[in-house]
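Okay, handing you the structure first.
Each chain gets a letter, A, B, C, D, E and F, in the order it is written, and its residues are counted from 1.
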Amino acid sequence: MPVVHIHMWEGRTDDQKSAIAKGVTQALTDAAGIPASATTIIIHDTKKSDWAESGVMASETSHTANRETFSNR
Amino acid sequence: MPVVHIHMWEGRTDDQKSAIAKGVTQALTDAAGIPASATTIIIHDTKKSDWAESGVMASETSHTANRETFSNR
Amino acid sequence: MPVVHIHMWEGRTDDQKSAIAKGVTQALTDAAGIPASATTIIIHDTKKSDWAESGVMASETSHTANRETFSNR
Amino acid sequence: MPVVHIHMWEGRTDDQKSAIAKGVTQALTDAAGIPASATTIIIHDTKKSDWAESGVMASETSHTANRETFSNR
Amino acid sequence: MPVVHIHMWEGRTDDQKSAIAKGVTQALTDAAGIPASATTIIIHDTKKSDWAESGVMASETSHTANRETFSNR
Amino acid sequence: MPVVHIHMWEGRTDDQKSAIAKGVTQALTDAAGIPASATTIIIHDTKKSDWAESGVMASETSHTANRETFSNR
């Protein structure tokens, strides 16, 4: 029954997406008793040139400030 | 006035999408008197590797279980 | 499999919404062979004071220009 | 950075929603190394009379078929 | 032609929403030559108890940390 | 805090998108005092063959009727 839209920067592998889907579905079960069979998840890969924070595209900032913050991903 | 977002697996032809747009617009007119000129429809093609049901990506299940269920599409 | 989000002005009755859901689901079947059991529809009722066309809230225009256009609804 | 929209039937308590937010955020960290501080979650409570599966509003079916399936929620 | 969905905390007045619609529509014209008549804006008021950052509902944090950050709104 | 999804036809340049993000973020500040640092904008490029108005795909109409209306873009 829940429909979950996840918007994130492109670049995750299929394995990571699979793990995201499994983990988010499990989280809904653990938190609110929602059966896994009721959950639909749709991942929306987004280019950094289509995503802005503070009025600046992520494509213009990610090679500097974000390099460290998100270095593990 | 209505804005309709349709999220579905990629693979439909332009002709099928055109038929979907026409049919959904007509359905809104028939069901609630909404004039066709007021309806906007946006189709979001989604890869099966970005779509999960029951915590499993559709790309991992569709070649088996879904083959029969959706054989006509 | 398709997830359909319909954003429209509030005011439709439950019967009209039920007819919309039935009609849109059928339209997807007729247009692209999508089985009814695969379709999820979510209706988002929206206040006219939360909806703008041409930079003007529908709540400010609907009592004039739209009165005729949408008089049948 | 990820923005997560969760559409589900209304009725969850604030505590359950809080647990959902915490769990989904953690799942994104575990699955793809996304730092918690980068995640935004928006929950969209939806009336069963605004949600349809198989062309039928959940408000018309949930008191029968769904009673058992979702009895734990 | 553009459809803009704005998700934000509830609490803005109708006047503020009207100013948002006018300003965003104008911004699209100024930035990319999009005529005002082509733009639809839908505002989604969201309760702080339905919105989470860093895995914590805004309703649990806004009375402390956010008090200063957003004091002008 | 606001999350803004902008759905529009593909074809804008990165410079135009950057200007859109900057302008929309500024408009939210000017209209409602929302600090730029709180705003996330996600642009969804859409093919004209995935967008319908009045039940007709934009890909089928834009080379005629829209040529004049949108000639400046």
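Heads up, the rule we're going with is that a contact is a pair of C-beta atoms (placed from the backbone, for glycine too) under 8 Å apart; a residue touches a chain by one contact, two chains touch by 3 or more.
On a predicted model such as this, the values are computed, not experimentally measured, just so you know.
Engineer: Between subunit D and subunit E, two touching copies, which fits better, same or different residues at the interface, with half of the numbers shared as the threshold?
Structural biologist: different
Engineer: Computing the C-alpha centre of each chain, which chain sits at the greatest distance from subunit C?
Structural biologist: A
Engineer: Of the chain pairs D-F and C-D, which one is connected by the greater count of C-beta contacts?
Structural biologist: C-D
Engineer: Quick one: which of A-B, B-C or B-F reuses the A-D interface, over half of the residue-numbered contact pairs in common?
Structural biologist: B-C
Engineer: Centroid of subunit E to centroid of subunit F, CA atoms only: how many Å?
Structural biologist: Chain centres of subunit E and subunit F, defined by C-alpha means, are spaced 16 Å apart.
Engineer: How many angstrom lie between the centres of subunit B and subunit D, each centre taken as the mean Cα position?
Structural biologist: The separation of the two C-alpha centroids amounts to 21 Å.
Engineer: Quick one: subunit B and subunit E, Cα centre-to-centre, how many Å?
Structural biologist: Between these chains, centre-to-centre, one finds 28 Å.
Engineer: Distance-wise, how many Å sit between the C-alpha centres of subunit C and subunit E, to the nearest whole number?
Structural biologist: 22
Engineer: Would you give the residues of subunit B that are in contact with at least 2 other chains, written as numbers and ranges?
Structural biologist: Answer for subunit B, listing residues that touch two or more other chains: 3, 5, 7, 17, 22, 24, 26, 40, 42, 44, 51, 53.
Engineer: Could you run through all the chain pairs that touch each other?
Structural biologist: Pairs flagged as touching, ordered by label: A-B, A-C, A-D, A-F, B-C, B-E, B-F, C-D, C-E, D-E, D-F, E-F.
Engineer: Under the touch definition given earlier, write down the residues of subunit E that touch subunit B in their complex.
Structural biologist: 3, 40, 42
Engineer: Within the complex, which stretch of subunit E touches subunit C?
Structural biologist: 5, 14, 17-18, 21-22, 24-26, 36-37, 39-45
Engineer: Could you please specify the touching residues of subunit C with respect to subunit E in the complex?
Structural biologist: Answer in residue numbers: 7, 44, 46, 49-57, 59-60.
Engineer: Please output the residues of subunit E touching subunit F within their complex, sorted ascending.
Structural biologist: The touching residues are 1-9, 12, 16, 19-20, 22-24, 26-28, 30-35, 38, 51, 53, 58, 69-70, 72-73.
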